[in-house]
Structures are given as structure tokens and as C-alpha cells.
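Report on the following structure.
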Amino acid sequence: MSRVIALIWKDLLIEARSRQFIGAMLAFTLIVIVTLNFAFDLIREGREMNGAGALWVAILFSGLIGIGRSIAVERDRGTLDGLILTPIDGGTLFLGKFGASLASIIVVEIVALPVFAALYDLPALDPLVLGIVLAGSAGLAGLGTLFSAVTSGGRSREVLLPLLLFPLMIPVLIAAVRATGEVFQGDRDDILRWINLLIGFDAIFIVLAYLGFGFLIED
Amino acid sequence: MIVEMHGVSKRYGRQAALRSVDFQADGGSVVALLGANGAGKTTLLRILATLTQPNRGSYRAFGVNAWEHRQEVRARLGYVGHRPFVYPELTCLENLIFYGRMFGLERPEDAGAAALENVGLAERADRPAASLSRGLLQRLDLARATLHAPALLVLDEPDTGLDSPGRQLLRSIMRQHAANGGLAVFTSHALEFAIDTSDRIVTLAGGEVVDDRASAAATIATLETTISRAAPVEASA
Amino acid sequence: MNGFLDRRDRWLNLTGLLGVAIVLVGIYMAFQYAPTDRVQGHAQRIFYIHVPMAWLAYLAYAVLFVGAIGYLWKKDWKWDRLARASAELGFLFTTLVLISGSLWGRPIWGTWWQWEARLTTTLILWFIYLGYFMLRSYAGDREKAARHSAVLGIIGMIDIPIIHQSVKWWRTLHPEPVVLDTTGPNLPDSMLYTLLVCFVGFTVLYAFLMGMKYRVESARDEIGEREMTRMFEASAAQQPAVDTTSAPSISGGMED
């Protein structure tokens, strides 16, 4: 739908000119990746699974930055009302914000994944890993955008969003880490069920978020 | 009747912002809404603009329940609030093109260029909105609000920050809007401007309508008295 | 006793009595009637409380789910009351499940916690309940609180089976501690009966507590409504009369 594209385009254009969030997200992701290397034993046994865990922790936390900001920024600047007053329904607005958030997350991953692959000596650029990263990021962007509708606006915003989001995202975390780790181990037989779980999760919750967003965004 | 409100009440937390307000207005007129700070003007405008719902009472716009049909109402509504709906990183024209697309205009680039022309911002079309002064931002916001030729204009203190030519421009836009059959409702603290621009003046105090008269029958002195006569009433704990 | 059997309260109070009675029987059975488990000893008896509590924790969430859908669909406060009341009870039960699970596990596993599939899912449920309350208090006004938490309630409900499944798959990769299997045919009859009695007793007690809580929430809503009405009707008498003829002219002042 053309309005969704207009929304995504606007956000990407603003981000390209101000580089406000992508810069922060990127820096944060890289710091987390490097720091976790010291926290876990990434030389010996189990380094593939631990590496996968480190990667996904980095994605989850930096994703949180990108998502929380998208609606929050509109609210802080006062432009959210301007969007609400255009004749679009909540679902369309959701798709626009979801698309922009996902795009930001992907841009960060495009830089972070090669860095991760180099530092950890793990095949993070394997097409299967890319697919898993995409699916996991979509789930994160979907539920994250939904809850950012209620948690932006100051007052304890930073605590509430992760508190709501992380318990619900546990299936994505489990599936993404296990699937990624198994690809790193070179053992692809078992990952079908994790991938099915990811895709199923995304399908269900992106639809639910699309339907529920309208209820949350209005005053 | 373009807008009809009956018994509209709205509270924010423990404060009653509006108490049982009745208000109706039809196309072809400009209505000024006056009152001291805290009298409920912004709340009333927000309800008119379907940004919020009343706790009690009914609001119909264009003959339908405004909230239930809010998407349809919004398509015919132009709103200017306290903060401009403008993205500083985008140019003036890009801002308008975005809103043009959101409102489903056929040729948003042309509509945007024409709107900028109308508010005297044509030379700044390709400058980022961040480079505009407060008064010019107001003009851009006005262009944005009128871009899709709405039938109902709801403007919250649109004259704040405008210089004299700016105010002239605002006045002529509103009068033209009314001449074309539209309804404009605006608030202002500038009594002379309000009297000059509007056909009708409604005064709020303590969340209630305390006066409603034709502008021709209003003077600055009487308006000042009416406005300042009652402080907003505290809700009982 | 007159007030107790008063028509309005009668059914509710009898339900309460019934619930307490059955639970007492169940507890007696748990300690006297049910045999001592060969492997786990007396510690196992907490199972008769732990399992029904877990059932209630999830039942309460299901009721919350129904209330959430009802409210979003019908916009009637009574649905939100249902959700709110059940949420508080459900949170309590979930806390008790976690505590009783921990107390039970300590003598058997040697640790206070194991990431066993059902316990883990219940821990996540606990956080979802917590998020529900925080979201409600964050929202500010009643209507927003109800609407926002309803969406969370629905999302949570649909997610819980997915969470459980994913945790289960995750845990099959690690050796599971041996826990009493309540689903298999291995359970001796006496244990089964005790368990059933406790199940029924606690469920009846839940129904009673829900009835009470619902009443409290109704009263709270009623008070809120009356306060709002009073707030909106205040005023007309308080406006001083306006004398427009003798107003002094104030210069400058209000204009820009």
C-alpha cells in the first residue's frame, strides 16, 4: 500500500539525514559483540552455541533501541498526532513503523554480521544464518513496534518495554540461538523445527500486532 | 451542521477539563474560541479533531458519530496544534509531499508546491524545515493543514509566533475557507485578531461555555471581563 | 448468621464454605491418606498443593484472556473487571506455584531451581502477569489501562503455548530431572484421588475468590463513575454573575 511505503520512506529519509539511531544501534551492537567475547569462553567446546548466544543478545538489545525510538520519537516531537490525523487505520500505521524499524535493524546487521564473523571466526554470513537473522529480527520488530505504542512517552519507558517484550520473545530467542548455533556447528539436520517455530511465530504475531496496534495508539 | 456537541464532558485525572459543553457550528463561518489558560479550549479542540473522546456526551461531525467514523472525519479535517506536525530533517516540500501521500492526493508534488506558494514559502521549498523560524514553521504547518482542502479546520493558537504579514495571511486563509463553505474553529489569546477574523465568538471558563455571541457584538473590554471572571474549578477529591 | 445467608451473598458464601471444606479434606488426605512416596519421601506431599495451584495459575490467565477479548469487543466494563480480578488471583497463584515448586525441588534436586519446561513456562507467566500490572498502572486513565492490558493479555495467551513448546524442545537437549509424572498410568489410585480432591477444592475456592474480587472491582468502578459525574456537574452555582456594563477598560494586556 502506497501509504505504508510513504511512511517507511519518510522514516528512512530522516534516518539517513540525521543518522541518529542507526549510529547508536551500530555502536552498541559492536560493543556488545566485543564485550561478550570476554564474558564467555569462546575458544573451546561449545563456542559455536555461545557465539550464537552472544550474537542474538547483541541483536536483541540493539533492536530494543531502534524500536523504542520509532514511535517514541514521534510522540516526543509531537508529530504522532499528525500521523493519527491522517485517514489511515492503525494497521497501516503499524506496517509503516514496523517496516522502518526492521529496515534499521537490518542495516545494522549488515555491518555487524561480517564483524562478528571475523572476530569470532564463525560462519555468520552463511545464507541460512542470514535467513534466521531475518526471521528473528522480523519477530522482534513486530512485537517491539506493537509495544512501543504503549510504552513511549517518558516515565519508566526504558523499563517497561523490555519487561513486556522479553518474556514474549523467548521462543524467538530460543529458536534463533539454537538454529544459528547448529549452523555454526555444521549440523543442519535438526534446525527445521526451529525455523518452523520462527516463521510460525512471525506469522502469528505480526498479524496480531497489525490488528492490535490501532487499539493502542489512540488516546 | 458540520459539528454538533451535546453535553460533552472530559476529565484528565482528577481535573474536569470540560463540563457539559454544547456547541454547534455550520459551514461558511469562522468561530473563535476564547478563554483563560486552563479553561478547556485545547481539550475542546482536541475532541473536535477526534484526537480524544469525551467521557460523557456526544459529538457528531458531518452528520455522523465522529469517533466511530473518525477515519472519514479525519480525511476532511485539518488540524494545527501547539506543536507543528513537521519533520525538521525533511525539506518543506518533502514534508508536504509526505502528508499529501498520506491523504491520498493525486499529485502531492504539485499540491505541495501550490500550498507553499499560498503561504509565501515557495523560495524555501528545498530548505530543511529545521532552518525555518518559529513564524515560518507556523506557516508551513498551516500549509500542511490545508493541503488536502479539508471542510473543517481546527486551529489551536495558530497566530502565536506570527508576524503581522503572517497574521494577515492566516486571516485571509480562514476567511477564504469560510467563503468556500468550510468551517474554521480557532483559539487565540489575541482578542483583536479574534474579533477581526471570526464571525462568532464562544468563550469558555472553568470548562463550560459562558458566552456565545456574534463578533460584531463583541468588544475587547467585555471579552476580557468574561474570560477572566472564573478560575478553573478544582474537582472535589 | 443472618447476614451470611442473605440472598445476595448466599451463593457466594456457600461456595466459599464448600471450597474451604473440600480443601481441608484434601489436605487431610494429602497427609494421612495418600501413601508416602518411595523415592521422595514426605517432601512429595507438596505436590498436592503445587499442581492444583499451577492449574489455577493458568486457569486464571484463561479467564483474563476471556475478559480481555470481551472488553475489546463489547467495550463493557464488566469484562475488564473479570480480567482485572482474575489477574490478581492468577499472579498470586503463580507466585505460590513457583515457591512451592522450589520448596519441593530443594530436597529432591538439591537445588532451589531447575529449568524444567513447566516451571520455566510458569516463571515466564509470572513475568507476563507482572507486565500486565505495570502496563495498567503506567497507562494513567482507566480506559487506556483496560484497553492496553487487554491487548497484552491476548498476545500473552497466544504466546504461552508457543513458549512452552519452545522451552520443552530446548530442554530435551539436556537431561531432565525426574519429576513425578502426573499424566502417566504410574500414579497409584490413592494419590490420584487425593490430587483430584485438591483440584476440585482449590477450583471452588478460586470461584469464590473471583466472586469476591469481582464485587470489589465493581464497587471500585461504581465509585469512579459517581466521582466523575459529580466532577462534571459541579460548577454552575460557583460562577459569579457577570456585570458587563461597568467593566473598566484594561489596556494592552491580552493582545499580542
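Going in written order, the chains are labelled A, B and C, and every chain counts its residues from 1.
Going forward, a contact is a pair of C-beta atoms (placed from the backbone, for glycine too) under 8 Å apart; a residue touches a chain by one contact, two chains touch by 3 or more.
Bear in mind that the values here come from a model prediction, so they are computed numbers and not experimental data.
K.L.:
Pick the chain whose C-alpha centre of mass, unweighted, sits closest to the average of all protein C-alpha coordinates shown.
P.N.:
Of the chains present, the most centrally placed is A.
K.L.:
Measuring between Cα centroids, which chain is at the maximum distance from chain A?
P.N.:
For chain A, the chain whose C-alpha mean is farthest off is B.
K.L.:
Between chain A and chain B, what is the separation of their C-alpha centroids in Å?
P.N.:
38
K.L.:
Quick one: chain B and chain C, Cα centre-to-centre, how many Å?
P.N.:
45
K.L.:
CA centre of chain A versus CA centre of chain C: separation in Å?
P.N.:
That pair's centroid distance is 31 Å.
K.L.:
Check each residue of chain A and list the ones that touch at least two other chains.
P.N.:
219
K.L.:
Where on chain B is chain C touching in the complex?
P.N.:
9, 11-14, 16, 19-20, 55-56, 159-160, 189-193, 205-208, 210, 220-222, 224-227, 229-230, 233, 235-236
K.L.:
Using the touch definition up top, name the residues of chain C that touch chain A in the complex.
P.N.:
Residues in contact with chain A: 72, 124, 127-128, 130-131, 134-135, 138-139, 144, 147-148, 150-152, 154-156, 158-159, 162-163, 165-167, 169-170.
K.L.:
Okay, in this complex, where on chain A does chain B touch?
P.N.:
Touching chain B: residues 2-3, 6-7, 10, 13-14, 17-18, 77-79, 81-89, 219 of chain A.
K.L.:
Can you list the residues on chain B that touch chain A in the complex?
P.N.:
Against chain A, the touching part of chain B is residues 49-53, 71-72, 74-75, 77, 79, 81-87, 89-90, 94, 98-99, 101-104, 128, 144.
K.L.:
Inside the complex, what are the residues of chain A that reach chain C?
P.N.:
143, 146, 150-151, 155-156, 160, 163-164, 166-168, 170-171, 174-175, 178, 193-194, 197, 200-201, 204-205, 208, 212, 215-216, 219
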